[in-house]
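After this come two complexes, each holding subunit A, first together with subunit B and then together with subunit C.
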Partner chain A sequence: MPERVADASGQRATRAQPWRRRGADLAAVLVPTALFALARTVDSNMLLLVTIMVYVVLAQGVNVIYGFTGYLPFGYAGFFGAGAYGTYIAVASLGAGAVEATVLGGVVAVLVAVVLIPLLRLRGAYFAIASLAAALALASLVSNPALTSVTNGPYGADLSKVYSANGSYWMAVAIVAVAMLAVVVLRRSRLGLQLRAVRADQVSASYAGVNVVAARTGAWLLSALLAGLAGGVYAWSISVFYPTAVFDTTISLFAIVFALFGGVGTVLGPVVGAVVLYYVYNAIGVSDPQYFQLIFGVVIVIIALFLPGGLAAVLVGARRRLALRGGDVR
Partner chain B sequence: MVLYALIAGVLIGLFYGFAALGLSLAFGVLRVVNIAHGDVIVLGSYLAYELSTQAHINPLFAIPIAVPLAVAIGMVFYRFVAPSLGRSKDPEMLSLILFFGVSQVIEALATIGFSANQDTLLTGPVGNGAVQMFGQSFPNYYPVAAAVAVPGALLVMLYLYRSRLGLATRALMSSRADAMLSGIDVGRTSALSFGIALALAASAGALSIYVNGGVSPSQGADLTTTAFAVVVIGGLGNPAGALAGGLVFGLAEQFAQSYEPNWAGLVPYVLLLAVMLIKPEGLLSRRVRYA
Partner chain C sequence: MFAESASSAPSNEAPTADGLLEVEGVTKLFGPLRALDDVSLSVKRGEILGLVGPNGSGKTTVINVISGLLVPTSGRVLLEGQEVSGKAPFRLARRGINRTFQIPKPFPALTARENLEVAHHGSALADGEILELVGLGGRAERLAGELTASDQKRLDLARALVTGPRLLLVDELGAGLSKTELDELAVILRRLVAELGMTMVVVEHLMGFLEQVADRVTVLNAGAVIFSGGLAEALADPAVIKVFIGG
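Here is the complex of A and B:
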């Protein structure tokens, strides 16, 4: 396991072993996808598995925007809700099938992100809070009784006529594959390199010919697409939901903490973070949410104070120390 | 209706400004974004609630009890986290995540201690009657909130502009490095500022339990967003601007509630976004934005 994390983080991949790098990339996409595809034979709680997959995708979305650009989206749930409601409107008003509707949910989230592109002018805390305000404004808009004919206002959305436990499960697996592929390709692509350059030093990057605004906008839209798809498939699998549930700030909170816990900027960190922490949440959080919240808060404080790189950094660090020790013996 | 919205907006706006003052001070002096600000307000509200229901004394007595407590806790806490913040490449972002965690811890502890339900104080701060002003009738906590907020804010201004420590604090706000070079004890001044910021939040809690119709552990996030909106409107890191921001915010909210109650919920967010995008340094500030 540590070996794959190290490879995927690009630290040890060298030009001399492109085949090894490609193999690691391929494995980073296929292994999690295959594990989720097979998970239903082990755990029969399909809604739980879909929810975990949804959080894997959301954590990857946070990884794309925070890990690659440093923009922390407190209002990330806005895209999730936009995706869920986009899916609902596609089914209820346009008569679309569930699969097309889920994809449309992703498109709606991207459209919301396009409207919110000006937020990228803000930095640091300003961006974080502005994105939260935008998400809360969107939630307030969607649940407004004046829009009942489109969104059914605060009375909730009903997708039960397209309900399919199997269909939504496979859709979620497919979206996990898309998210993994997106992060792997982003890491290896020109855009990923540009984003890392911008993150390291914005001014130098722009002197080197990087279009800073375009690169950031690309990451922003990609991250919105992932959240929208996650929202769409969540809506499909849960079937009946209320605006307060899909625009809940807790969704942003979970996605950010899962990504940070696993390690942002890595490929597998957010997956491990989402699976481990959501299982913990499911074990104690549902019956005693306050105790889970307490643990959660302490985890965040510890990450902030002592482990800025998350779990992945701990593993990579341990591997380096091991490798060093091995070198001494030889 | 215009007159009612105007007076209510000013009275409640002064409270909002006072409630946001600590957030602004912490950011101005320490470059720390205290996401847990609203949760500290909630703790202040619970203190007022317990005093009133358990000890049967006026809930406003929570303020003199909370202030020394909050200053002490804030100073110790700041000393504890300062080394990590100092090491970080991006302390502002780190503080955002750190206090996000702290806010979760406070909310969880408040839920464990006081249950997740909303608690409401049935007795007002000065009895239950209404107050007549300019031919309009207001609940009596409106003027009480303003009457606590104004002297509270004045004390902070006196501290900042008329005391030696306040001078040091303002030096820190304009340049940390220069302040250090001129012999100011940066660590102690910062810790004290953070303590005062928490004390302001906790004091606002004794009023918030009335203005927001009660207290519940989950209120913290909304209060932080409101305080942030107020501070951004007035100019982040500018304590005097916070009061002006509170007035703008209070008036906008009261007018929206009077004329467009269906859409009033959108007002704080839209106002916040509009100010950030059009004039990010704050409506009432000439200072350059650092973030």
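Here is the complex of A and C:
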């Protein structure tokens, strides 16, 4: 949630009072959560709503890893798929309930992230490609017929015995709340400040006493947890799925574009990006995918060229201009 | 916070306090390039050592090795007798070694105050006091990226000070500053030594500035130490004159 306004001389506008900040933080968590909780009274398509919530959580996960560290995870779907299959294994092999299994899906994604921590040694395009390769490797592993007894291999996972449209819907609402809370806390925390410093200049951050590796690892694991929870609740919601569905690279791309469109490094930007763009996708992407791809491509180009800060940056700029026009500075 | 100015003319004699930093036979190779060649130097507690030499002589490489940005190819760096060579900068920052950069590297999207909040806090001084000390008291809420180059240098110094360094490595902080700003900086550095007991290695081209702050100088040329002693003696030393003037 953009909150900083600077005047022409760079002086930051009045700092919000602590109670106002706490109120804004609380609203940032509660308002989206409440809107999603109430959305089913307006739109009866619960699978669509769950899918949008899943993308809100994924966009927030990208926000955590990209917005706070600069790592662009093209293989982000790997954590999503790990969460979905973790949930399936918990139900099918361990006999866990759906809620516990969804949480375990998040834990499985974190474990995968732990294994992939060495990827954080890479930067830029190297990291993006390596994370993509890791996700593809994980998809191959899960769909290996030799693992049929665990993952059911390429034959797909079936969670229909725990299927509950209502249960998965409320679980998705709860996970949205967790994701919003995580980003709000991270943004306000010293770790969040340190991650922003690391993103700006890791050498300077290190001389400031910041353990760069530990800070990045924290963001990486949190990001994986969010994707794993999203994958788990998505698996519960659709109940039958194949490896190709939950390890699809499109999931990563959507999450990244949604986050960038709304504005990474902010609290509400990824939520707005996910809701707006997924509704656009749902409106035309299914019936006329070629037009959607065209629109998606144009959106990506516009973001890259003119709006690197996303919609949030536009709002901040507008606030700054208003503040200047009204002399409301300092 | 601080007593009256401590910018009295420094002595050319090394202080008698114990040694804080020892650089022993450090060589640094970049492929075939020998950036440092068996460099040894020592800095005593409470001393300001000036590090001078022509461009490319290895001054910043020495700073980079001491501060952990580079691992020496051979040789070692000791802080209070304990080897610290090759330790990560964040560990050294927490152990009392910090530095400024020739080109300041603030976090541009954070305010000056937030730039200090990021840092590990090892100083006895509060952030506000440190900002006042370096002359940024009135600009604490400004975004670092929108500060002037001179103020970004002050912020770079402030961020290093927050960590409470016992050894501060100052890399050409005076470059590009006006005479007045240089005089202010000299006062600040001398105060840090006199009142906080800090020890410093100051890389600088400006001899006038070094005259104000340095107790001793070490002169480097082509990665090797060619002189160590008082600044006046250095300026009269034939080898030093040859390096700087030629002939």
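Throughout what follows, the second predicted complex is superposed on the first by the 311 of 330 C-alpha atoms of A that agree within 3 Å, B and C clash if a C-alpha of one lies under 4 Å from a C-alpha of the other, contacts with A are read in each partner's own complex, and residues count from 1 in each chain.
Just so we're on the same page, a residue touches a chain if its C-beta (ideal position, glycine included) is under 8 Å from a C-beta of that chain, and two chains touch if they have at least 3 such contacts.
Owing to the predicted nature of the structure, the values given are computational and were not obtained by experimental measurement.
When the two complexes are overlaid on their common chain A, residue A:304 makes contact with subunit B while staying clear of subunit C. Once the two complexes are laid over each other on the shared chain, residue contacts for A:249 go to subunit B alone; subunit C is not touched. In the superposition on chain A, A:279 makes contact with neither subunit B nor subunit C. In the superposition on chain A, A:137 makes contact with subunit B only, not with subunit C. Between subunit B and subunit C, B touches the greater number of residues of subunit A. Shared-chain residue A:122: touches subunit B; no touch with subunit C.
Contact with subunit C, but none with subunit B, is seen for A:210 once the two complexes are overlaid on the shared chain.
In the superposed model, A:296 makes contact with subunit B only, not with subunit C. Contacts of subunit A with subunit B, set against its contacts with subunit C after fitting on chain A, share not one residue.
The touching residues of subunit A, when paired with subunit B in their complex, are 70, 72, 118-119, 121-126, 128-130, 132-134, 136-137, 140-141, 144-146, 249, 253, 260, 289-291, 293-294, 296-301, 303-306, 308. In the complex of the two chains, the subunit C residues touching subunit A come out as 67, 69, 88-90, 93-94, 98-99, 101, 105-111, 114-115, 117-120, 122, 141-143, 145-147, 159-160, 162-163.
Those residues of subunit A that touch subunit C in the shared complex are 4, 6, 9-12, 15, 190, 193-194, 196-197, 200-201, 203-212.
Those residues of subunit B lying in contact with subunit A across their complex are 27, 33, 81, 84, 88, 90, 92-94, 96-98, 100-109, 111-112, 116, 217, 221, 225, 228-229, 232, 236, 262-263, 265-266, 268-270, 272-273, 276-277, 280, 289, 291.
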